[in-house]
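Several structures are given next for inspection.
Look for chain A in each of the two complexes below; its partner is chain B in the first and chain C in the second.
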Partner chain A sequence: MRAALVVAGRNLRQRLRDRSAVVIAVIAPLVVSALMSLAFSGVESFHYTLGVVDADGGPVAAGLLQALRQPELAKVVTVRRLDSRAAAAQAVRDKRVAAALVLPAGFSASVTGPRPLPIATLTSVDDTVAGTVTSSIASTFVAQLNADRLSVATALAAGVPADQSARLAAAAARLQIPVQAVQRALGSRPLAAVSYYAPAMAIFFVLFTVSFTARSFVAEREQGTVERLRATPAGARQIVGGTVLSAFVFAALAMGTIAVVTSAVFGADWGDPLAATVVGLSMVLAVTALTALVMGLARTQRQAEGISSAVVFGLALLGGNFVFVSVAPDVMQRAALLTPNGWALRAYMDLATGGGGLGTVAVPVAAILGFAAVVGAAAVALAPRAVRV
Partner chain B sequence: MRVLAVAGVALRRLVRDRTALLFMVVLPVVVILVVGASVRGFSTFRIGVVDLGAGPSGHDLVAALERAPGLDVRDYATAADAARAVARGQLATAVVLPAGMDRSLRAGEPVDVAVLAEQANSSEQAAAAQVAAVIAEQGGLVQAAVFATDQVAALAAGTDAYAANLARAAAVRPGVADVGVASEVVDAKATILPQGFSYSAPTMLVLFVFLNAVVGGAAVIQTRRLGMYERMAATPTAVSAVVAGETLAAVAIALGQAALIVGIGATAFGVSWGNPAAAAVLVALWALVSAGAGMLAGTLFRTPEQATAIGPSVGIAFAMLGGCMWPLAVVNEAMREVGHLTPHAWAVDAWTALIARGGTLATIAPQLGVLAAFAAGFLTLATVRLRRSLV
Partner chain C sequence: MGWMRRVTRAAAHRDESSARTHPAGADAAAAPGADAAAAPGAATPAAPTGTAVVVGGDALVGAPGPDGDRVPGDAGRPLLACTDLTKRYGDRVAVDGVSFSVGRGEVYGLLGPNGAGKTTTIKMVCGLLPPDAGTVSLDGREPARDAAARARVGYVPQDVALYPDLTAAENLAFLGRLYGLRGTTLRERVAEALALTDLQARGGDRVGTYSGGMRRRLNIAAGLLHRPALLVLDEPTVGVDPQSRHAILGRVRELGRNGMAVLYTTHYMEEAERVCDRVGIVDRGRIVAEGTRRELVSRLGEQDRIELTATGDLADLAEQCRALPGVERAAVTDRGVRLLTSDGRRVLPALLEAADRSGAAIDSVEVAEADLEAVFLHLTGTALRE
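Right after this comes the complex of A and B.
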């Protein structure tokens, strides 16, 4: 045991003196998180300016304008009145408004007649969200008008004499569609970009521990350091174990530093500290197991670099460290759950959005530890090979 | 001739290095695939449906949501499951159909359908608005059926059931002229790249060619540390030939990688790279910028480890600032200006002009000018420093 600790202590000192390792594991993820939080500060709430042209001036148009001032919609849109369709189109092009609605002249009169006029939406290719929301607002509004027209037609078809259609129209105009969509908040905190990417980048860069630990171990083997160690009473498992322990401590220190700094400085939400620590340590354990495996597999420094690069980038791509995996196709979401980092990211996301503690992360932690156990068992089996010169 | 020999050695060293080849070829393609598949934008929303026992009118509403273009509907057992999926971003929004919805509607009572969305989240808001429109449209049928049933009941001792009127409403709907919504896109020319692979391929080309070149600067450091340059200086080879040879190799590597990404993008991912002449000039200039940055990195870093550690960090940070990871249109003004201090922003702007707006050489001339200045600056600095370290 003492031999392993000595090996670990020496390796750790070497790692901490190696500025490259510190740059990758600590500085890089901090810089990336800082850029994320700077880039998206102030753009994480959704609100846009909607241009409205009321060429109609009638009661139906007034109804729409009033609907836009309802609290539910006012949270999302600010209305700016514009004079003409041409002016509205120009305002959209100049990005003074994100989208516009045009109520044509004679609109109110036409909606009860045989040929109703359409509402026009003017949108920009650059702002598909505002375009979609504007079209949906218009569709929701005309749905009531259409429901009233349909109500009259259905009543007539059901046998109400045609001479009563004026009375029917008046009665239908007072109706309200009986099924209403009511927006409810999720009861969870919204996920800020930095709260996803701070853990994502911390995990990605911590994965590089595999690369530099394995490479420096293979280098020592090539230089004969390992051979000399074998001449001492230290066993293969102690030599490998000590090196691996240094990787664990280094990765844990890096992860912890990033979590503390991103929370304190950039407002990243890592969730409940205890649960976040458990997830982080499980992830570090998985990284450590991978390190031991690569040490056993690689025979040359080149191989160590090649295998660990494939492991690091393969896991990071599959697990969602580069892209927000939730919006990816289903197959990619399932693939993410084959990786320990995919599970760790899901755990951090659930902690940041839903709160909760150890219970929230129990399944992810079990999955990550399962991965670490399988990889670790393979690494233990390969340990004698790792120290074979 | 000597220039070519120097360049040839550098290229052969790269080809024998399988790790480097992995980074050059496989990684960019996989990243383009993953990012392109993920950045699908707002063409389709995934929405969850939780049916708490709504009855037939609930089924009708789900059917209407499934028919609606741009919505991909999935079932969830409980509102909590659906809410968690929305919070994770797996769903854009979720609809909760209340128990007894059908019974209430038949009795003429209004029904609220909960749509789960956070106010701050733009894609959740867009999806919720779209869902609300479908609900209102479907609700129109219910209103008509209830109204007709009431009217007929008032007229005579009506035996006509709500269900029959619901069917009647659906049957007469096509014959009733609708108040329509006419949508017009007023600016035909986009200022951001299209979604999917047309977004990921050009931005990742910019990212990886630069990144690879900067990491490749490690080769220069190795050669320097092995004392190769001193030995070459002992031969009749001029220092300028050595510098030119190394630069040539770096440019050739960057060009090769860029050409590969363009080729794979066009054939495998169906990316249209825009005006060929303009795209070729842009690729060539970007190769020069990247090679220059790589050579400069080779003279600035002291050990190959520094190059492989700091290179990717700088490469990724520049790519983020320059709009390779997300369009600069979505960040705030100050960050947009800071971003344009990197060559990446200018390259992405030029690709946007070519791919999204059908631009030509003339359109992207300003961006090409800036890139040329970057390339000249990097290459000059690198040459001066490399010469100094050689002599």
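Right after this comes the complex of A and C.
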């Protein structure tokens, strides 16, 4: 054990002197998680300003404005009245509004006639989401309007007196745009993008520990220093154990640093500190076991790089480190549960959205430790091969 | 070098005394500050096994060293005994039944061309490679299975095996800790090793900034740090400048004189002649002859070695030379042809005529008394490559 600590100490000293390792383990995940959080910060709470030009002033146009101000739709859209189509176009160009609807003069009157006037939608390529939502609102309104026109026409054809058509039209003017999408978080708190991407990127870059630890160990073997260590009283398992112990400490330090910085600077919610730490250490243990396994499998630096790249990117893709697992297909969501990082991310999401402590993460932690145990057992068996000269 | 003299004598003394005081099986590395040479494993006197040990034992008793010194060996008690070591890689036999022994205070050389099996042999000695057959015994213990036995061996690999991004002092301290050195003892040993290699002023510099010669010296210092009972050096002078080479050879010779057992591999005949008390000549995985320089050379009788430095069809020149009366052996070298003759001066005119016939251009001719080069040529029919 003492020899393993000596080897680990030497490895850590070298690792901390290696600026590229520090960049990969600490700085890169901080930068990437911040960028991804910014990129996806609008996804979980989309809202925009819609310009509306009411050149009609009639009851149908009033109905649309009233519908846009319903409480549920108001969470997504803020309506801003504009005077003219030209003013609306300029507002879109100036990004004062994300999109605009233009209700032409005579629109209400035309609705009951044979040729209803069209609603114009002004959108910008700079905000395609707002444009899509605005078009959807307009289409939904027009569809509802057409349904009402059809109802009125059907009623008249069925023998309703013509003088009732105005009452029917007024009823149509009171139409409601159905609310089609309502956000419902599973937990008691909504999940901010940074609370997902901070642990996702931390885990992704901690996975790189597999790559640079295994590669540098194989390089040492090729350079003959492992052979020299083997000639000392230290045994094969102590040499491998010391190397992976240093990887564990380094990865844990990196993960802890990222957690603290993303919490303090970016406002990421990692949940209960104790539970988050347990999840993090379990994940680091799994990464350490993977590192030892790759050290035993690879005979050359190229092999080490190839195997670890496949492991890192395979796990990251399957586990959901790049995209929200919840928006992935069902099969991918199940596949994520085959990976330790998938379980770790699930645990962090549960902690961030639902609160809770160790009980919340018990199952994910057990799954991660189970993975670490299986991989670690294989690595222990391969330890003598890892130091074979 | 004074400290080394004191150390090795003290270590030899501890070897003797610890035989009576230490229980077997304890690990030297576990004792803080303990000398590896004082490991309990050192205390167990081993009865030499195998025929090679007997051969080696004879040579140890009062055999003169290359400078005429008496070998301060411990007769009948070789520290290292290798018996019938065999290692195969697929169908290729890298080491084929090699047996030899090394006594305390003896410098034993394995001399042979590259690929002869020297490195494979010493890797088995150091416990780095498991032999397919045969045994390695260090005072009755097997380094491959016994950490205490490995603690008594100092291994200096052929390639510099140090961490370039650590300083020399950090490299030595790290290796020292693995041998169980701690605290003041460790600091003293690191300082001594740096002094030994004349690197005190650069001890705080990263090894990556060192010259090739400095790295070589540090590589050797790392093997001596824990004051081993057996020092194993694998071609330590390859790629070293003449000045460093001279210093290294001098230090190895001194270590042997001061009681350390040294196993030294080389393909340089002059190194073997200069530092080794006994030499095992290795060819194609086998030790084809063993003994002191005098014993080996005496096998040739009054033969001379002739070095022809030549250009042209050297294979044809060697063939022409072999046909001449009085030429026992002729082999192509890197620079010409090497011959073994019963009378060099008498053969010379015929040699020059043979060179004329083969069309080779002779640049120089050197006639020398028989040496280990001649022995190797005599035994194998080939030349040691330079």
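Keep in mind that, in the parts below, the second predicted complex is superposed on the first by the 237 of 389 C-alpha atoms of A that agree within 3 Å, B and C clash if a C-alpha of one lies under 4 Å from a C-alpha of the other, contacts with A are read in each partner's own complex, and residues count from 1 in each chain.
Criterion: a contact is a pair of C-beta atoms (placed from the backbone, for glycine too) under 8 Å apart; a residue touches a chain by one contact, two chains touch by 3 or more.
Here the structure is a predicted model, which means the values were calculated and not measured.
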item: First (chain B), second (chain C), both or neither touched by A:A247; value: neither
item: Partner chain(s) touched by A:L68 [first = chain B, second = chain C, both, neither]; value: neither
item: Touching partner for A:D18 - first (chain B), second (chain C), both, neither; value: both
item: Chain B versus chain C as contact partner of A:V76, first or second or both or neither; value: first
item: Touched partner set for A:E227, first chain B, second chain C, both or neither; value: second
item: Touched partner set for A:V294, first chain B, second chain C, both or neither; value: neither
item: Shared contact residues on chain A - chain B and chain C; value: 18
item: In the complex, chain A residues that touch chain B; value: 18-21, 23-24, 27-28, 31-32, 35-36, 38-46, 75-76, 89, 92-93, 111, 114-126, 128-129, 131-133, 135-140, 142-151, 153-155, 157-160, 168, 171-172, 175-188, 190-191, 302, 305-306, 309-310, 313, 317, 322-329, 332-333, 346, 349-350, 353-354
item: Interfacial residue positions of chain B with respect to chain A in the complex; value: 17-19, 22-23, 27, 30-31, 34-35, 37-42, 57, 61, 83-84, 86-90, 95-96, 101, 105, 108-123, 125-126, 128-133, 135-149, 151-152, 155, 160, 165, 168-169, 171-173, 175-192, 303, 305-306, 308-310, 312-313, 316-317, 320-321, 326, 329-332, 335
item: Partner chain A, residues of chain C touching it in the complex; value: 27-30, 123, 126-129, 147-148, 150-151, 153, 155, 157, 159-163, 165-166, 170, 174-175, 177-180, 222
item: Chain C contact footprint on chain A (complex, rising order); value: 2-3, 6-7, 10, 13-14, 17-18, 223-225, 227-235, 389
